[in-house]
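Here the chain labels run A, B and C in written order, and each chain numbers its own residues starting at 1.
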Amino acid sequence: MELEPAMSPDPANTGWGPTVWTFLSKVGSDSPLVQCITNFVTMDLVANTLLAAGASPAMLHSLEEIPDFTPQANALCINVGTLSPDWIPSMNAAAELASKLGKPWVLDPVAAGASGFRMKACLELVGLKPSVIRGNGSEIIALSKASVGNTKGVDSSHESMDAVEAAKSLAHTSGCIVAVSGAVDIITDGEQVIGVYNGVSMLQKITGTGCSVTALIAAFVAVDPSHALEATASALSVFGIAAEKGMDLAKGPASLRMHLIDSLYGLDQDAVQTCVNISSL
Amino acid sequence: MELEPAMSPDPANTGWGPTVWTFLSKVGSDSPLVQCITNFVTMDLVANTLLAAGASPAMLHSLEEIPDFTPQANALCINVGTLSPDWIPSMNAAAELASKLGKPWVLDPVAAGASGFRMKACLELVGLKPSVIRGNGSEIIALSKASVGNTKGVDSSHESMDAVEAAKSLAHTSGCIVAVSGAVDIITDGEQVIGVYNGVSMLQKITGTGCSVTALIAAFVAVDPSHALEATASALSVFGIAAEKGMDLAKGPASLRMHLIDSLYGLDQDAVQTCVNISSL
Amino acid sequence: MELEPAMSPDPANTGWGPTVWTFLSKVGSDSPLVQCITNFVTMDLVANTLLAAGASPAMLHSLEEIPDFTPQANALCINVGTLSPDWIPSMNAAAELASKLGKPWVLDPVAAGASGFRMKACLELVGLKPSVIRGNGSEIIALSKASVGNTKGVDSSHESMDAVEAAKSLAHTSGCIVAVSGAVDIITDGEQVIGVYNGVSMLQKITGTGCSVTALIAAFVAVDPSHALEATASALSVFGIAAEKGMDLAKGPASLRMHLIDSLYGLDQDAVQTCVNISSL
């Protein structure tokens, strides 16, 4: 049942350690304000993930507040998990304003292929120029093809390696960084493809780990918006390392969830640099 | 403070072990997709409960998505915990569609007696032919009498044994399986009455354990819709066993919540068959 | 990073032990029904906090239910964390009805200064005569000045000691008890100022601890509405003590969150009376 990464380059050789640590430590020192317009299921875990990493979460989604608040935020995270029509204007307004102000924003197209309604909303958001789109294989494939159906809720029924072509295609057409979570996380700008080998398979048994890593990407991009590819890979690696360390203590998905957040809070330079496992594909 | 079950038949004699294990293992192998239209408070625990048991949760509640998505689901769970008028059309539409497509659906009439508004919505849902209704004693009594008031929020102020008659009456009039959670869980089709003796009293101190077991019932019914009575008893037993095992490690309600989910994830055939405690009443 | 309280009077000398214990034990024996109209992020933790303390939470927010349900509640807690326009009529109606019926109600003006929309809603609620307002320093300062902007989401960028004057001013103009959470919690009726020295700084790294202590204040005021100042100080002390005890076992914010709730559930007279750390300022 535990699908461990198919290949595992030697962490010592990847050379990403200092980059990843620089991002994490900058999140801790800058404490970027991340506005999240996100789903009801995982708001709590998302907020706690951001807090544990040193960022400052703000779960504000009312259309009325966007003109006052979004300009104060350092990044925006939009997640369509429990989408309803009344939230779409806020999502679009916040995304537009962030883009206009040159602020990074990140899209999590949860279950993009679950309905035509959801796909339409996601495609509209993709058109508003997110810095990064992160999903699982099914979501990125559905989004890249704008196809509905044949999804299994928010679970991924496609291994992330199969989604590389879809991710590259979506990155090309959208101009975004695209990340695909899976046994190996894939990050691409349409040309370059990076693999992140950190993480554990039990994350799939905890709701909201995808949403949380998307918000973490927003925090990482916030502190260095001109390096969104590196920020995205670094956030995925950090979250994966926290999961690996949490897994040492976990007895199941609920204790993993707890230990993951504790580990994320406690990560130091040595732990990060020793464990980073990223390489070009 | 700990109200342990009033009577406790010998697990070895109940003969339910293989049935319960068959349901749980089938949930693990089929991974049924369970659409949940549920309350804001407990979405997270409900989703994690389904994941731990091997099912695939999907928290989708928009009216716009139901025609596309509900046909893909293997079961539907409707929970009125944080009911508001704008959610009622979705609940009704999803319930109607599920019934029309022959898919099982399960109703959790949270705090049914708290207001006339809530009672009306619950009665309307009962009319849409759920496979199973699960509540606490107060909720089932209120629903069976269509009476409002004298409720204490979502807590039960009636012991489940007192609710047997109400459950039988509701099962008769609705044609559903009715389950009443309590010190002993009661399940009835209006004729047969089954008692589940698994569980611990501290579950009452954790919000969302009722909601979670309702969703688990939906997953169990999904894998064998023609045996809803057995599926319901099995789900209640499995959740109770996970709580019992969690209780061995728990130091209070928050750690019980964590250990319960870990235990549910780790339950094996031996653990289930040894601990199942179900008997006819 | 850990900002421990600036000063720490000797617990043995404060004389508050019996008062605090009386409140907590009365919550346990009366199990007051606390209606919460609160935010999506922290409903789960708020409900579990109330349950652990022995109160009975009810997360009901529909306008349609207020006439039937609010009269049954012993106290009301309104929290504007994820405010949207459609929730404001419910908040106002419940607050008005509670005031009219002489029931205590407590306001948590989360991120009051984040937008003009939010500030307007908060000021309107303040006009509906809450018994207690609890926020962090930034929130209370913003509310006392009715000023928007320069906030950092829901985090406090003002130490609570700086907020004493703002709290006194708000207490004067509103006629409420005002509490400011921080390294030292401040409670004032506009004249008397009390400091609560219990708590740990890591609480700031857990979303919803502020919301939870506000709900706990509602439960404490519910059991003795004529002593709202003492109830508020007692609730803040109890929550802080639970955090201190939780901190002995915690390895980070997620395990602290768990141990805090377990500790709150398990607090006995000796633990409370030994640890209470309250004094006049």
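Heads up, the rule we're going with is that a contact is a pair of C-beta atoms (placed from the backbone, for glycine too) under 8 Å apart; a residue touches a chain by one contact, two chains touch by 3 or more.
Keep in mind that this is a model prediction, so the values were computed, not measured.
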Chain-level touch network, classified as line, ring, star, complete or other: complete
Size of the rotation, in steps of 5 degrees, that lays the CA trace of chain A over chain C: 120
Shared interface numbering between chain B and chain A [over half = same, under half = different]: different
Computed distance of Cα centres, chain B from chain A, in Å: 33
Residues of chain C engaged with two or more neighbouring chains: 40, 44, 86, 257-258
Contact footprint of chain B on chain A as seen in their complex: 39-42, 44-45, 81-86, 111, 114-118, 148-149, 151-155, 204-208, 250-255, 257-258
Of chain B, residues touching chain A in the complex: 31, 33, 35, 40, 43-44, 47-48, 51-52, 56-62, 64-65, 67-69, 72, 86, 257-266
